[in-house]
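Just so it is clear, A, B, C, D, E and F label the chains in written order, and each chain counts residues from 1 on its own.
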Amino acid sequence: MQFQHDYFSAYDHLNLTRDSEGVLVAEFHNNGGPCIMSAQGHTEFVDAFYRIGQDRDNKIVILTGAAREFIIDVDWSSFGDVSDPGVWSQVHDEGVQVLENISNIRVPVIAAIEGRAHVHSDYVLLGNVIVAGEGATFQDVAHFAVGVAPGDGIFTTWSYRAGAGRAEAFLLDPKPLPARTAQEWGVVAEVVPNGKALSRARELAKLYLKAPEVTRRNTRVHFIQPLKERIVHEVGYGLSLEGASAAALARSMKAQSESSAQKGKVA
Amino acid sequence: MQFQHDYFSAYDHLNLTRDSEGVLVAEFHNNGGPCIMSAQGHTEFVDAFYRIGQDRDNKIVILTGAAREFIIDVDWSSFGDVSDPGVWSQVHDEGVQVLENISNIRVPVIAAIEGRAHVHSDYVLLGNVIVAGEGATFQDVAHFAVGVAPGDGIFTTWSYRAGAGRAEAFLLDPKPLPARTAQEWGVVAEVVPNGKALSRARELAKLYLKAPEVTRRNTRVHFIQPLKERIVHEVGYGLSLEGASAAALARSMKAQSESSAQKGKVA
Amino acid sequence: MQFQHDYFSAYDHLNLTRDSEGVLVAEFHNNGGPCIMSAQGHTEFVDAFYRIGQDRDNKIVILTGAAREFIIDVDWSSFGDVSDPGVWSQVHDEGVQVLENISNIRVPVIAAIEGRAHVHSDYVLLGNVIVAGEGATFQDVAHFAVGVAPGDGIFTTWSYRAGAGRAEAFLLDPKPLPARTAQEWGVVAEVVPNGKALSRARELAKLYLKAPEVTRRNTRVHFIQPLKERIVHEVGYGLSLEGASAAALARSMKAQSESSAQKGKVA
Amino acid sequence: MQFQHDYFSAYDHLNLTRDSEGVLVAEFHNNGGPCIMSAQGHTEFVDAFYRIGQDRDNKIVILTGAAREFIIDVDWSSFGDVSDPGVWSQVHDEGVQVLENISNIRVPVIAAIEGRAHVHSDYVLLGNVIVAGEGATFQDVAHFAVGVAPGDGIFTTWSYRAGAGRAEAFLLDPKPLPARTAQEWGVVAEVVPNGKALSRARELAKLYLKAPEVTRRNTRVHFIQPLKERIVHEVGYGLSLEGASAAALARSMKAQSESSAQKGKVA
Amino acid sequence: MQFQHDYFSAYDHLNLTRDSEGVLVAEFHNNGGPCIMSAQGHTEFVDAFYRIGQDRDNKIVILTGAAREFIIDVDWSSFGDVSDPGVWSQVHDEGVQVLENISNIRVPVIAAIEGRAHVHSDYVLLGNVIVAGEGATFQDVAHFAVGVAPGDGIFTTWSYRAGAGRAEAFLLDPKPLPARTAQEWGVVAEVVPNGKALSRARELAKLYLKAPEVTRRNTRVHFIQPLKERIVHEVGYGLSLEGASAAALARSMKAQSESSAQKGKVA
Amino acid sequence: MQFQHDYFSAYDHLNLTRDSEGVLVAEFHNNGGPCIMSAQGHTEFVDAFYRIGQDRDNKIVILTGAAREFIIDVDWSSFGDVSDPGVWSQVHDEGVQVLENISNIRVPVIAAIEGRAHVHSDYVLLGNVIVAGEGATFQDVAHFAVGVAPGDGIFTTWSYRAGAGRAEAFLLDPKPLPARTAQEWGVVAEVVPNGKALSRARELAKLYLKAPEVTRRNTRVHFIQPLKERIVHEVGYGLSLEGASAAALARSMKAQSESSAQKGKVA
């Protein structure tokens, strides 16, 4: 397709490699080290997953992270003034779009997780099957832990796969959730020795490749449809609620710092 | 708000107390002892939860029961002749409304459960997080056990949080479900020593209070929305089906007692 | 019901009168003249429609306006700083709640419209039947016309009753819509001579009163359910989008006025 | 299919004839005259439309009525004591099932209407295309007009095709709706001279038969799906609400007649 | 009901027996041995479950299999050329209809499973309660294992009862799932010694029979409604995706065999 | 955004021009003449509307056609062998994606239609407002008219905006629908003299530009959400049904031509 210029090398936070059978590995990273979410990454991932989804030469997609981690933290400051509605409008639009774009990858998606999946594990839960190293942990350090409502899909996906009760407690009192517990909850499909998640994901990919292409594509389409509908239904609103929450936090922090500065001046 | 007259002391079956940080504890009871559901309580709870939801001075809401029990039984006779469509019309309208009103409490809701939650545990499952004493048990003694279809939200909430298969078996063959099993099912978030549920709930409340108010409110709004939609979608119909079932039961019991009386006369 | 203190005289912007047959007329007004929407009214209406809905002595409800108008304008300034997330949080919560509360009036609701229904005609469209004087007009002067996204239910209700295409054009380029056109669109049921809307509504009320009470209540419940589900599904998000839009507008107006002031200083 | 015994001659209230091209005409009748709805017919139609839907030799289905009428009245008494929950349980189950069965006719359905479609015009509105004689009228004489809530699909189908506002007014104040008005509302596709509806329906059938069979079947499946989903979602609840309403009416009528009888005795 | 000819003896692959209390046992089989799914069975089951659902003399329905197995395999060849759209049209229509028909059995449905439920375990998951012998296993040998997309309801039902993550992994890498694991997943309600599933199901049936008939029927109606809505919403599309997948497989197999034949000729 | 290479000149069938205020005009064409739909265009439009939607410099989007026509015909042969599931898989994936991508243009979309909108008028109906020249006509020459089921969004969008009854008749018996009739149906917002649609659309764009950017974006997001949800819900299945229908047609045509050829040979 002529519209697909070379996206493989287009992103600073995503290494894309594809083998001869069409198994694409998308590795999140920061300069080759563990990925930290930022505004730039947010924008990149929207584009990257769209192109990945449109490229019919991708036969299986594996999501993973560099340096035996997935995404370990978020750099909220990179997003600028989140109390500015114009700034948040972009976060909202991109935040919905990236999840729709991963949903629209119409081939099986496997997640291979090592270490910390502490930010945007919703990307992971859009995979059909999650393989995790035994030391992997899931957490949400980007929302309630720092005073922001978890509205960007993290609840929708965890609620969908783990059940709402677990998701609510997990997000309100965020602590590392071991891979084994995530497996008991029905989220992780397989726990493997540390460092073996990607190789096991490749084995599964090989297995899936035995089915005809239309079978693989249509299986993905069928499996992801109910979650895609929930994302389309819930995440825009969630991100709006998160935006108001982030704006409230930003205002109160600004008020506090001005008040401190004022006190400093006075003193 | 001027419209909110003093609701704290308005209810016979609900003790309401609020600390200086806005943590409201709503304690179900009968004269200070364990709560038994009745028509009067049914009507009260509709009003109480509406006012609790509208009062923006409530920052966190904790649901609990008096005397180390939640709700232990139902007094069906207090509802009058449930085969009278006019009587059931009120049960239907109130039954939908009370669940919508709890859903519309737009601050985190924690349930602290000790002892028997054997009636209207659906109220409990509308909390975001459930803390249970290790001796707590869940059961539904108000429906199938006495010959009535469980249509008032008990299935909707248990199905939402525990999965449909567990909910169906649990409601068709009602036996006490231990807190630990409810935790394995993803319904109870934390099991604590007996008598410690409320104090643990207060700790969680303190934790949640660290987040800005808009964050707390919007997190609740986002988390409860899918269950609220299911309630709006399912519970009216459920209560209608339950009403027809209750009417059939009432008629058969009346027929039996008339037949017995008749036999008595004859003899 | 003991919890229902005397709500008939509780509101500054709503006259409530009920005849001996239980036909309640709710008349929107400002000091007896045409109603202008304000923050105070917004809060009042939430409470008023809840109580109206809960009071089983109301057999039919008629919505109308004083002085041969419905609601003619909005006082945006009364809402305070809408770019403050704490302020908008209340608008959001009330805005959803008021529409749910009107939906939860479980007896037939008739709207009797004269003059301008230029603000919150969504309240009108929650009636089962709308009777309009031939000079009545519908418009939305509170949203796009002043630079705010129409997210508070005005689109949801107009789209539901008039069709989406008409609703979108009507709200993006707001001009007075004559009663006759609203009738052609399927929104208004009957057009009557000016000044006769309320008396025709009373005639319809009398007609409906011939049916048994359960019939009247259940008919309303059945008819409103699909719109209620759309409201629960759409309006929270809509109000969040409207809030961000109002905040953006407020910021740009503040920036403009500061820039003007600055220029004044400089000069 | 061996399971399909000869259903063509199985029904007292439905004449079934099929031409060589597979165009099945289903004609509602009472002894060859205009059809009057009864409990027996209700049960028959469930079975008939199921078999019609399963029989792949039916290529097009035309619904019509005998003697230049559709269904002109209902014999409520034939249903027995509708305040008996066991009786209404059957009405409920059949009432949902018949609409699902018509929806599951997976070939184009054309309705050819002459005269009065005054009962169960919801059957008509499950057709893809409605052709009406210019003197045809639609009305609902079976529900609100006699004090019963219109919950059996009549609102769902009219709301779906005509819009909710029109449907609500039409059902609350039932008067004959001329075919031309129904056409303006988007319900009737074509108005033809009296007596020509069936022949025009046959012409349309011939037109549709030009398309391949899979095209015809899949077009029907696609077109009916949204209405089928609304029926599955709404009509069970609607029938429950109607049942409670009918029971209330029956009780009040019984009370009145007993009170008259009592007065008679006393006097 | 006169339309119900004697369906008890109508099916080659389903033994139907009913005791004096109305407990119907439907036993899947092939000549008395373990059932193997075929095109003939597919067509039969549609009809059988419809009649079972319509027959109000059935008070409880138990689904089970002959010879201590449920359904052990599928004979894909019996369906003919699945790449012929006319052939698949029938599979699609029947496949949706059979699941709707089981959903429309409006009395409690219990599944008693021994041995292999390796094909169409979706039928099993439409039961309210599943009792399994400890040696029972669940698997899907009919879809991905042979290169076909699992779109016929197997994902919808497993996702509904076990959670989506488990369902996806289970269907993509199909291996026998022991009854105990299915119980941990919330799918199986009770595990009993081998050979005891049916007798335990009969005990449960006896228990349920204590409730009034309307209670039993309405409980089923209420419990199955959310799954029925998912089936109506998802399975038609799923079967279409499966059909395209099966057609692709058939074409590639045909191409391979032609190519082999060609090579054979050449050689 | 770096990922957006210069898409303005990337498409053979879409001219893109944008004025200094950010009003983008997207003009469908074939070599500057009226647009004819083809496989190449289908692929292009997916990409084009995605980029248009992602480019935040687009403030308003106007859809129109070259040479005073919209899209006048379809070149089915360009799609290749539609009975090959691999071929249709791409049509399915693209067909869903293009409608989602237009829905995800998060600024007001205006359609300016002259002449024939006889193919893919669903693109048009994804606009918020449609302006049509008085000679414009709508029709669907690509589906039922040539023996294919109209499943690609044409029914979903027409049903959403015009009502299901009109949409079904319009698609089953496709004839040119005048702009005035489309206006009466609520689809077209304004009818203007021939040749004036685009200039009127530009006037509306200017009007909308007065609102702040967040207002414009959020208004679009709110207005399109219900239709976007219907598209996500319905169109994948619709396209699958259409694919099976197209395959059946292709097979029957091939069989006919082979049979003719055979007869030729024989003779």
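Going forward, contacts are C-beta pairs under 8 Å (C-beta built on N, C-alpha and C of every residue); 3 or more make two chains touch, one makes a residue touch a chain.
Nothing here was measured: the structure is a model prediction, and the numbers come from that model.
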{"item": "Partner chains that chain B and chain D have in common", "value": "C, E"}
{"item": "Copy-to-copy rotation for chain C and chain E - C-alpha atoms, rounded to a multiple of 5°", "value": "180"}
{"item": "Chain at maximum distance from chain E, centres defined as averaged CA atoms", "value": "C"}
{"item": "Type of chain D:chain E copy interface by residue overlap (half), same or different", "value": "same"}
{"item": "Between chain F and chain E, distance of the C-alpha-averaged centres to the nearest whole Å", "value": "41"}
{"item": "Chain A-chain B separation of Cα centroids, rounded to whole Å", "value": "36"}
{"item": "Where chain A and chain F are represented by their mean Cα positions, the distance between them in whole Å", "value": "32"}
{"item": "Multi-chain contact sites of chain F, meaning residues that touch two or more partners", "value": "85-86, 89, 162-163, 213-214, 218, 221, 225, 233, 236-237, 241, 244-245, 247-248"}
{"item": "All pairs of touching chains, each written as two labels joined by a dash", "value": "A-B, A-C, A-E, A-F, B-C, B-D, B-E, C-D, C-F, D-E, D-F, E-F"}
{"item": "Chain F-facing residues of chain D, complex", "value": "108, 125, 128-130, 160-163, 186-190, 204, 207-208, 210-215, 218-219, 221-223, 225-227"}
{"item": "In the complex, chain E residues that touch chain A", "value": "144, 147-151, 155, 159, 162-169, 171-173, 185, 230, 234, 237-238, 241-242, 244-245, 247-249, 252"}
{"item": "In the complex with chain D, residue positions of chain B that touch it", "value": "83-86, 88-89, 92, 233, 236-237, 240-241, 243-245, 247-248, 251"}
{"item": "Touching residues (chain side chain F, partner chain A) in the complex", "value": "1-3, 5, 7, 10, 43-44, 46-47, 50, 54, 56, 85-86, 89-90, 93, 97, 100, 104, 106, 213-214, 217-218, 221, 225, 228-229, 232-233, 236"}
